[in-house]
Structure formats: structure tokens, C-alpha cells
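Please see the structure below; I have some questions.
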């Protein structure tokens, strides 16, 4: 019981941003059918944007969050318009689009160092108080961050599920042709969606960043896990992504309580690969021959 | 005349090391060409297969005093086994699944090396590894000649594959797997086979890299090497055996040899701005090439003339 | 279940030497919609068999179930050559093709990277030709099969036989030739002449007739019913996922059930 | 209100529709033909999903060929595709609301109207459309198109694969929609008898060409059999 409680608390507080990031990436994946490697950089830049607003303007962390979300969303839209839309219109193949997004990821990861410098950048936040639950220590800041992530994830979920725009996004993802003949303008809807996805990624980055620092590899280091959560949970919609994200966090912290952290990550990756392998078999019906 | 010689080979150690790297990228690029350009398997974990070979070789040489040939064989086998497992996993995954699985394989190799310090040395490193022979001052040049030879053999093989029924099977499997299956072709086995073969090659190249660096660190296996290989191949032309060679000259050759050694850049610039700029250019090249010239510098696979010629046999 | 047989057809027994496909209890549903529900059906007993029926009757799905490019929910498909019976419904698609059951495609399929000659050499190449170490095998392949391939290319006019297939029509013909090069025992044709000009359609049918005379069986789905009426020995009429009527073309053409299923009961 | 002249269209380089001229007024217009005749292709082209290789389509006095599908939809043309007529991931209510994006005023009233037209849907409001039965799916698909406040409704084989009892009922609804809502309807059908019961005029399509265009009641069995090649 104690073990489970520990695993859950550590897993959720440490990996809460993962859920937010995965929701953003899943939205792009479901609608544009694109695995966007450069989403890693949306996450990274989210951290940098928030850090910049926080330190340069002396704004509170919460205000920097809002600005960071908007900037990351705008960046996401820009990458869609400049790169992915062009690829779509030129009929570039699926593997090639992945490589293009890899190129974009590398480009952004290094270009941002020209702007923000080569060194890691730290946030200026008031010193936190330390709390304890079930023998697990965490800071008051981690707690607020966790609550904020939960609220944001919920808002994000409600936006997609309950609003007019969310409905258009889902309709377009469900069947693009039918959406078009129903009067949905695909470009506008797609842009709204890339903005939301970017904002989610940026906010996740800001939360990760404030927990350590904003550095160029921040998003890339977490990309693989985010991708696996999206691929495994994404087949069941946003709810699946949320569950897979939380499950991953808890599983990882449970493993880390038992075995060395690096080995825990290996076990987690192997588990994901096996799930992918088993899931792959179910998609063979799509063959057209 | 001797001024030219001095200019070119004034710092032979750097030039030789740069050329080693170049040859590695070309070799891995040719193998990736068989995976990506021919069979359509987007392998984003090149560093993992190569690293598995490198570390198998290193561990056997350092800890168990295994001879060069046996260690090289083990490196090849390590790449091959990893290739079989990866091939089995990705055989019926779509491109997104292949991306995730290959990235995960590379990540697992990296994590395993970092975590199993007892045999890999972890971040402290593993060494030293020496050349299997010693011909005095020119040993490194001799090793370079061997690398040239190996790369040449890989290139020759890739070109022959293009002209053989096997290559056709790979292209068919890559471009339309269900159709290939309907024509009696065992698509799954073909994919596992090509992954085994090419990954074994990557493992072998990893083994050959051991003596070059003498000391192994996990940081040698980051995604940077995968990105370099992909960039070189895509830029040169992913569908052509020579693509990786041309692309590597234009990227690694230009940046890591020509500019680094022969352009007098301030030290500060060379340390920070230069590598960053290089990566920015690599990323931009990947995007532009795939958007506007998807088949790279060399263009489309040459099939027409070759088959026409054959019909007259 | 067959409502009745027309003149001169026997449902079950295979003509000597002619392999047949036996289908038992085969069902396939998408969601709550049962697309195929065939209790007992033998295909290929006659040299040329047509498969027709109104929209959504399940013709294409039935063919894809036989080739296992789609999985059945229940039931079995076997290949019976008189001496032994092999369960196709347990084999991988490439094994089915190896046994001589081959299908052309309704939606045009091609290998983007392969020229016409490439594509045809691919079709004839055997497993042993395609091993990774056989990198000098090409010459053998061309010597062994070159003339056969050329003979097909002599029948149909391709704008650039040494290059890539350009139009949909060329790709469609290429698809057919690839299948014929596998020397199938039973060839399933899914709308082989859709989109082809009339003279080419005639060439296709003529070539198929020659192949049939040499022992190949043909099962054909075609929307141009004039092709069906003129080419088939037996016609299977499918509706609502099952073959409900079998008989020779004239019998089917005049049958009230067929008219009703196509036009509705008011026009029988 | 609707006019097609010299229409040719198809996939890649093959024209499935090989030159069609016809016009539709305030009526129910049936397009009949066997499979492969090109009925689905034609409707997709009218809805703007498929470019014409030749010819022109006018609707409500404006040329719509060449316009993107969402613009055509906004002009009051509703399309009910044969397959995949609903958003499977969305609930029934959300499907209807998506249809209501075009004409937002009085959307709630129209949802009520549709629930009256298809009472079976009332209890299924919050069910995912992908889990519905074939007949219910068709109702949702038609309802979604009606939510667009369409002046012309294209229905592609709305009863294919459905049980006879349901077919009867659905054709009644089609007539009802036409009469109460003053919607012109183009309906494709293979089963001529049923379609001719509700249609004012009919066109028989055979391998991409019109063999007959006439008043529904004048269409003879011979004309049909010729078009269907039986």
C-alpha cells in the first residue's frame, strides 16, 4: 500500500507535464497524421519562453506560463504553415515527413542557442516550502505545478470535447472529406489545432524547465517517452493518452523504487516496444490489395 | 609544392581523424541507404546498432583479451542480433511505429551502457583499445586504408544489390508491401533479413571504430551520429548507393575537415558558434532537400538504362 | 446457399486436373454489417466463372478473403486439386500466391520504384534468386524468363517498355501480366478491364482465353456485364453477402431474381 | 437550380464519368445504374471532393465546379456519402452540431426537427456514431446534411445494405423531407423500383454515360435493362 502510494505520488508529480505534452502531440498526430519530431523543440522553447518572461521582465511564474503557452502555440502554427503544410501540398511521403520534422527539430534546437545562449538558464522563483505525504517529500511548488497541470489538462480536454472548435478539430480528424463537405474550413481548423497542441507542449516544457532549467536538450530528452505514450494511448483518443501518460509516470516511479533508475527506463522502453509490436498486428486489415 | 603538402597535411592527426569520421558516416550511410532508400525502413536508431558493435568489441578486447577478429565478429553479431529483434518488432508497424521502435532501441543501448558500469565503464569510459597491428608511425594511415577498403566493399555490394533480384525484392517490399506479398514475396522475412544484414554491417563498423578512439564513452553514441548519417544520405540521394558518399563529403567533409582544419576561425567561434551553426545548417538542409528535391543531389534510382541493357543480353 | 442451378453446371465436383476453391461457412462483418456470409461455395470448377451482383453484395470482399488480404471472422477456404486439400485460410498471403491462387487488383497497384521490366522480373524471380548473396543472379533471370516476358510486352503496347508504366491503364495491364507470369492455377480478376479502351479490353480477353485453353481457371468480377455474358462459362450471382444463384450466362441474365436484385421487384 | 454540362471526371487519368449533361429543379431526381456506372464518382464531384476534368456545374445561379467543398456546402448543398457518412468518433448530437456549423441560427430547433423526423435517434443522442447500426448511421448522416439547412441534398445510395423494412421507411422520409422542407434531392440508387417511387425524374447511368433521362413514371423496364446490361 505504502509502495503504491509512493509510486503514484512520485509518478504523478514528476511526470505530470508528460500528460500535457502527450496530449499536444496526440492532437497533431490524430489530425494531421504527422509524428512531429520538432514537437520536442516546442517543448524546449516553451521552457525558454517562460524563463525569459520570468527573468527578463521579472514576471511571476504564472504570468510567464501564459505568455509561454501563447508563444509556443504561435511557433507551432508557424512550423505547420512553413514546413508541414508545404510537405502536405507537395505530397511528401510519411517517412520523409518524419525526417523533415527531425531536420526541423535539429534546426530549432541549435538555432535557439543563438538567441538564448549556450548555457542552461534558470528560473527565478520564490523558495518553496517542503511538504510530506506518505513519506514522500515534495515542495509546495511541485504541488502547485501538479495541480496546475491537472487543471490545464482538464481545460485542454474540455476544449477538444466540448467547444465548437474542438468539435471541428475532432470532425476533421475523424474524416477529412466528410468534414469538408459539412462546411468545415480545414486550414483554419488545423491552425487552431496546431496552436492548441503547441501551447500544450510549451506549457509542459515550462513546467519541466522550472523544475530544473531551460536547456537545449530538454524536449528531445523527453521526446521518446512522449511519442510512445501517444502511439500506445492515442488509439483510444485523448482519454487514452491521459491514462497512458499517467500510467507511464506511475510505472516508471514504481520501477525506480525497486531497481536502478537507468535500468527502470530500459524496462519501461522494452515494455513499450512489446506493446507496439502487439498493437501493430491489429492494423493489417488496412491493406488495399 | 611542399607548401601545399604542409598546408594539407600540416596536422595529419586531425586530418586522419576527420577522414575516419567521414568514412564511418559513409559506411553507415550506405547501410542506411539499403534500409531507408531501398527498403523504406526509416531507421532512426543508427547510433544504437553501431554502438552495440562498438561496445561489444570494446568489452571483449578490454575485459576478456579476446583477439581482434573474434571481437570484430562479436561486434558484427551484436549488430545483427539487434537487427533481427528490431526487424521482428517493426515488420508490421507503420512508419510512426518504426520511428518509435528504432529510437527506443538506440535509447536502450545508450541506457544499458550508462547503467551497466561494471562492464562498460559507464560515463568513466572503457579502454584502451589499440590497433590490431603496429606498422610504426603509419599505423593510423594503414587503418585508414582498411576503412577505405571496407567502405569500398560496402559500396560495391550496395551497387550489386541494385542490379540483382534481391534489390528488386527490397524495393518492391518497400514501395508496396501488400502487392509484393500477393506476388509470393515473404515481406516480413525480407524485412527482418535486410535489418539483420545491414545492422550487422553497422555493428561491424562500430567494431572498426574502436581502435580509432582508443577510449569508449557513451557520449559517442548520441543521436548526433544518427542525424549526421541521415543528413548525409538524404542530401546526397537516399535512393543511390553513392548518395551517402556525396552527402558525407558535402556535410562532414566540408565542415569537419575543410572548414575546421583549413579555415582560420577564432578559437572561441570554433568551440561554440561553429558546431551550433553546423547543426542548424544540417537541419535546414534536411528540410529543404526533402521538400524541394526529395531524392537529393544524385536524384532518382537509376533503373531504366540498366534494365534496358539487360534485355539485350 | 444456391437457389437452383442452371443448365449444364455442377456445383461441387472438380473437373479432372482443375483445382477448385472450396468455401465453407465464411463470414465477414464490418461493425454490425455482415458483408460476406457464404455457407458453401465452390469456385473454379469451370474454366471461366463470373461473379456478379449488386452494390455491396460482397464480391470484392469475398475475393480479398480468399487471398487473405482481409481476415475472415469465421469459416474456411481450401484449395482442392483433386488429390489433396490445402487450407488457404491458414496461410500467409504470399504462400497462397505460391500455391497458384493469384488475384489482380481493383484499385490500381504498382511499385513506384520499379520499371515495367523490373516489375515483371520481380514476378518471375523465385525465392532462391532473391537471396542477399546472389548478387550476380540477374543474368540468369533474364536468360531464363526474358523471352516469356517479352512475349507479353509484344501483345500490349506500352509507351515506354524499358521505363515506368505511365497511365493507369498501363499499370492495370502490368498488374495483369505480373499475375499471369506467376503461372497461376486459379486467377481471380477484380474488374480487369475497368478504364481500359475497348480494343485493349478485347486483347485482354483474348489473352485470357488462350491462358484458359492452356489449363488456367479464371474467376472474374466485372462491372461491364457485357464482358461477363460473353466470357464466362458459369456465372455466380451474389447478393447480400452470399451466392444465391449459379448458372450459365443466359440463365442468369433471364432470371427474375437477378432482375429483382438489380432493378427492384417492380421491374421483374 | 442545378445544372451540369459536359461533366467529365474520374481518378488519375481515367474518366469514370464521360460527359454528362443534366439539370435538376425543385424535385427529387434519381440517378440509377449498376455498380461501376459512376454514381458515387459523380456525386463526389458535385460536392467538390473530386475535380472535374471537363465541364461545368452550376448551383443556385453560380458556378460551383472548382470551389472547395466547404464553400459549396456553405451555399446550401448537403452531401450524404454512401460509406462513412458520419464522424465515427463523435456522438450523434455532435455529428448533428457539426452539420449545424454552416447555418448557425436556429440550430437547436433544427436538431429538434431532425429528432422528430427520425425518432429512433432521440435515445441515441450521446452515443458514439461509430457504434450505431447501419440504419441509424444513415439517419445520422442524413440528419447531419439537413442541419446545413441545405437547398439541395445529394444522397448516395442511402439504403444500400439495409433491411427491407427500413428501406421502405427511409424512402418515405425522403419524400417527406422534400415536401416539408422544400429541399431538392438528388438520389443515386441501384434498386430502380424503390427510387422511382419517390423520384420525379430519373437518369440511367451506364459505365459513365447517361442512357436515358426521363420522367420517373415513363421509364420502361427495357430502358433500365439496357442501362444495367441485363
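The first chain written gets the first letter, and so on, giving A, B, C and D; residue counts start at 1 in each chain.
Just so it is clear, a residue touches a chain if its C-beta (ideal position, glycine included) is under 8 Å from a C-beta of that chain, and two chains touch if they have at least 3 such contacts.
What you see is a predicted model; the values in this text were computed from it and never measured.
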Other chains in touch with both subunit A and subunit C: B, D
Farthest-lying chain, centroid of Cα atoms versus that of subunit D: B
Inter-centroid spacing, subunit C versus subunit B (mean Cα positions, whole Å): 44
For subunit B paired with subunit D, centre-to-centre distance based on mean C-alpha positions, whole Å: 56
Length of the line joining the C-alpha centres of subunit C and subunit D, rounded to whole Å: 33
Residue numbers of subunit A (touch at least two other chains): 284, 287-289
Per-residue multi-chain contacts in subunit C, two or more chains: 67, 69, 93, 103, 105, 109
Where subunit D touches two or more other chains, by residue: none
Complex interface listing, subunit A residues touching subunit D: 164, 167-168, 170-171, 173-175, 177-186, 237
Subunit B - residues contacting subunit C, complex: 157, 160-161, 163-166, 168-169, 171-172, 174-176, 178-187, 193-194, 197, 239, 301, 303-304, 307-308, 310-311, 313
Subunit A contact footprint on subunit B (complex, rising order): 36, 40, 42, 44, 88-89, 92-101, 103-105, 107-108, 111-112, 114-115, 177-179, 181-182, 223, 227, 230-231, 234, 272-273, 276-277, 279-280, 282-287, 290-291, 294
Partner subunit D, residues of subunit C touching it in the complex: 31-33, 54-56, 108, 167-169, 191, 194-195, 223-226, 229, 253, 258-259, 262-267
Subunit D residues within the subunit A interface of the complex: 47-49, 68-70, 72-74, 79, 81, 84-90, 94, 97-99, 101-102, 144-145, 148
